[in-house]
Amino acid sequence: MDRRDWVYGWLLVLPAMVFLGLFTHLPAIATIWNSFFSTPRGRRPKLFVGLENYQRLLDDPVFWKVMVNNLWFALGTIPLSIALALIMALSVQRAFAGRALVRMAYFTPTVLPLIAVANIWLFFYTPGFGLIDQITGLFGLGQSNLLGSPDTALFAVMAVTVWKEAGFFMIFYLAALQTIPPHLGEAAKIEGAPTGTVFWRITFPLLMPTTLFVSINAVINSFRMVDHIFVLTGGGPDNASSLLLFYIYETSFRFWDTAYGATLTVVMLALLGVLAIGQFLIFDKKVHYK
Amino acid sequence: MFAKAIKSAALSAAVAICGALPAQATDLQFYFPVAVGGGAAETIEALTKDYMAQNPDISIDAVYAGSYQDTIAKVITAARGGNAPQLSVALSVDMFTLIDEDLIVPFDDFIKTDEDRAWLASFYPAFMENSQTGGKTYGIPFQRSTPVLYWNKEAFAAAGLDPNTPPATWEEMVEMGKKLVKKDENGNVTQWGVRIPTSGFPYWLFQGLSTQNDVILANAEGNKTNFDDPKVVEALEYLVSLSTEHGVMEPGIVEWGATPKAFFEGQTAMMWTTTGNLTNVRKNAPFDFGVGMLPANKRRGAPTGGGNFYLFKGTSQEQLAAAVDFIKWITEPEQSAKWTMATGYVAPRPATWDTPTMQAYAADFPAVLVARDQLEYAVAELSTYENQRVTRIFNDALAAAITGQKDAASALAEAQAQADAILAAYR
Amino acid sequence: MSGFDKWLGHCAALLLALLWVLPLLFAIWTAIHPVAFEARFQLNAPLTTENFVKAWQAAPFARYFLNSFVLVTSILLAQFVLCTLAAYAFARFRFPGRDFLFVLVLMQLLVMPDILIVENYKMIRALGLVDTIAAIALPYVASGFGVFLIRQAFMTVPSELDDAARVEGAGVLQILWRVYVPLAKPIYLAYGLVSVSHHWNNFLWPLIVTNSEETRPVTVGLSIFASVDSGIEWAVINAATLMTSGPLLVAFLLFQRQFVQSFMRAGIK
């Protein structure tokens, strides 16, 4: 190890570390610290309460509800959006009339801000005159209230998420597919391999790095994307569509219970930490850029 | 090399377009939320400019701060960062929260002359209920509203009802509702009788029902709720029965934002919603409509709603005095009339209704008077310490009962227990 | 592949595309028709520009668009510079504390700056940057995700190339610029897209940390029409959305071949 390496190494990481420290680590440490205190209100200073906030969390039915919701949300959105993204990318790989338009269609979720799109989806879901009910009405079906009943609200929110995510991930698959030499597949086909085999044996393994990139994004987003919940359901009915980050938001910025908000954040960090570190290990070990 | 690192660190700072200017004695920052569409922001900005033209020594920076929720988040975040605005419009129900956070100052210090006292006494008492506590005034009513009943006269006529008579009681609302429900050949409902939105903040319209059932949801000190009162349970059972037993309202949670459209589209023959919708309905309803007071049960009743002006700590007395002067000016009848006509909010002082502008407006569109007349029966909007958390608990209980997960009595009993646990600290 | 399979594939593609473009179609429909036709899809509905006029008047969208553009490009540039330098150090230099620092970087992937709003506001205020575009950008310029991705890409660069450049007398930054950065182009593209998309959509933090027309992004303008008490005005909010997103959609439609090819040429794997 040479001394010049030390100096260069430190100088190179310094700018990034300064910003990370100021806007991530210091605030994060403050957050963890705050989770051991009571929430200060204007007239009452904060008091050290030890693990009381954590005890409260274990006893909080809403916390457990949002954890379960988030689990279903992740299980429901991650595999589906990745699979759809891949199907979409494969479908526009070959040239056909209208391909440019189809590609643009897939691209729309990336461009339309979620704050605006959520209102459009709200219209789709509206009972009676909403788009879904207008279509099902043609077949003589009655009104549905997807956002307004606890059994379906979470699924309705998940559908919007899949729409947003799959369109976005499609772009990465599209790019990755361009780089797979077509002769690989053709050679296999000449040897009589069926299309499915070509895909699973050749295309899919070659797309593995992209799949991992996309899946890290998907896992993080499954805890991060809550913007549309504000518009669509506000977490209701009775927390049926509330997710962990949404609950943190409410606790911190509506109830201004910063200490409990901090406690919830710590749980979220721990959870994401376990998930992400697991993925990094796979990413680091399995994927070799050549 | 090092220079390069410095440069990269400075890169993003270099994109700064302008920095915050240091505040002078009469520089005021004024946060306002927008809750009724695009026109409101323009009107506030125009009024602020008018004031500055008349008072060249005072400069007011009117800052759009998002929805009510966003505004309170922005105010508290800025205040915690030592950068509170001098004045802001925020929900009247956030008064206890802002007191608890020790962020606001009462207006009483600036009420010195008889004229000032007369000004303070000139607001409708119903609006002042949410603006005063402990003998002090913390809020000045500005963009205030109250829910009213809108009905489709054509649908009433088609159902064989008198198009000029809305339901006056709970029973009548159910009876008329049943006549108004229309179904297609498959038995699917194409027109509901009534629509009481229950998404987002169901407590507000529910408070109409509970008040009509002669019960108050929280005390004036904001530290005790009444959620499990039998009369509250009865009101909730009535709300639930509209969809379950009587079939006159769409089942499940009814979306607030889509409600006016549902009315225009003929999906419902009656709707309960804010007076803030008057202008919207007048412009977009493709049929003749009526506006009436909410129906009565044990008594007439409705909550008030909307936003008040607040004064924030951490500013000089001079700035605060200038802020109060601005608030006095903007609540004067002429300005207030402009604001009411642009937005549909209820003018908060009787004097405004006596101006020639407002009288001409009311003569042309008598529906605006309904809200004013209903104020006589109106009560304070539900507001307590830790307001948003307590109302959230109550909202969840209402949603659980409406979606049939719990019965009204047990949902409300649980909510009361949770609210008690929180509010005990404030007694 | 048989002709029938192909036909089936195309049908599926078109059906999916139709589903995906529905929100955009609805946005266009409501924006160009009078409010009364928001939920009535009749071919003979009259056309109008009223909604665009109304949206345009309600907020200074041209300025907001410029602000958003400045915001996303400056975040992106700053991220590229900071993350590249750090990634290079983590990939190719050995120095004490390296592994510890790398763990600190990875931690940022998990911490959402959105949750740290109050603390971050205090920091921005201490720096005297409230109500600047820099204030919106600063919490995001050092990105753990960016450092991680670029480091992965750099680690695959054969060290022979590095050594050869060094023998020729190239300095550390020259090697980085000439050898590493060109080879990692696809990663920059992919990461750039993630970053731009995220900051184009961001709403709450910009709203809280800015106060004036000169600094606010498009999403703040859009929010005037969203979440209103008097019911949703789809026609106007959609007109506003189209005004702000339309340029990007048209650009993608026109330049998508170049866009996809630049990924291809860069050879993302």
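Every chain is named by a letter (A, B and C) in the order it is written, and numbering of its residues begins at 1.
Here, a residue touches a chain if its C-beta (ideal position, glycine included) is under 8 Å from a C-beta of that chain, and two chains touch if they have at least 3 such contacts.
Just so you know, these numbers come straight off a predicted model, no measurement behind them.
Student: What is the graph distance from chain A to chain B, where chains are linked when they touch?
Tutor: The least step count works out to 1.
Student: Can you identify which chains form the pair with the largest number of contacting C-beta pairs?
Tutor: Result of the pairwise contact count: A-C comes out on top.
Student: Give, as an integer number of Å, the spacing between the C-alpha centres of chain B and chain A.
Tutor: From the centre of chain A to the centre of chain B is 34 Å.
Student: With chain centres defined as C-alpha means, what is the inter-centre distance between chain A and chain C in Å?
Tutor: 15
Student: Taking each chain's centre as the mean of its CA atoms, how far is chain B from chain C in angstrom?
Tutor: 36
Student: Which parts of chain B, given as residue numbers and ranges, touch two or more other chains?
Tutor: Counting only residues that touch two or more other chains, chain B contributes 1, 5, 8-9, 69, 73, 257-258, 261, 265.
Student: Where in chain C do residues touch two or more of the other chains?
Tutor: Counting only residues that touch two or more other chains, chain C contributes 38-39, 81-82, 85, 117-118, 138, 141, 172, 223, 226-227, 232, 234.
Student: Can you tell me which residues of chain A touch two or more of the remaining chains?
Tutor: 8, 12, 15, 18-19, 119, 122-123, 129-130, 253
Student: Which residues, counting only chain B, touch chain C once they are in their complex?
Tutor: 1, 4-5, 8-9, 11-20, 29, 34-39, 41-42, 61, 63-67, 69-70, 73-74, 77-78, 80-83, 145, 256-261, 264-265, 273-274, 276-277, 279-280, 284, 286, 344
Student: Show which residues of chain C lie in contact with chain A when the two form their complex.
Tutor: So the residues of chain C in touch with chain A come to 1, 5, 9-10, 12-14, 16-24, 26-27, 38-39, 41, 81-83, 85-86, 88-90, 93-96, 98, 101, 104-113, 115-120, 123, 138-142, 144, 147-149, 152-153, 155-156, 172, 186, 189-190, 193-194, 197, 200-201, 203, 218-219, 222-223, 226-227, 232, 234, 237-238, 240-241, 244-245, 248-249, 252-253, 256, 260-261, 263-264, 267-269.
Student: In the complex of these two chains, what residues of chain B are touching chain A?
Tutor: Contact set of chain B toward chain A: 1-2, 5-6, 8-9, 69, 73, 76, 97, 99-103, 186-190, 199-200, 250-255, 257-258, 261-262, 265, 267, 386, 388-389, 392, 395-397, 399-400, 402-403, 405.
Student: Flag every residue of chain A that touches chain C in the complex, lowest number first.
Tutor: The touching residues are 1, 5-6, 8-10, 12-13, 15-20, 22-28, 30-31, 84, 87-88, 91-92, 96, 98, 100-124, 129-131, 134, 163, 166-168, 171-172, 174-176, 178-179, 195, 206, 209-210, 213, 217, 220, 224, 227, 230-231, 245, 248, 252-253, 258, 261, 265, 268-269, 272-273, 276-277, 280, 283-284, 287-290.
Student: Given the complex with chain B, which residues does chain A contribute to the contact?
Tutor: Chain A residues touching chain B: 8, 11-12, 14-15, 18-19, 41-43, 119, 122-123, 126-130, 137, 140-143, 145, 147-150, 233-234, 236-239, 250, 253-257.
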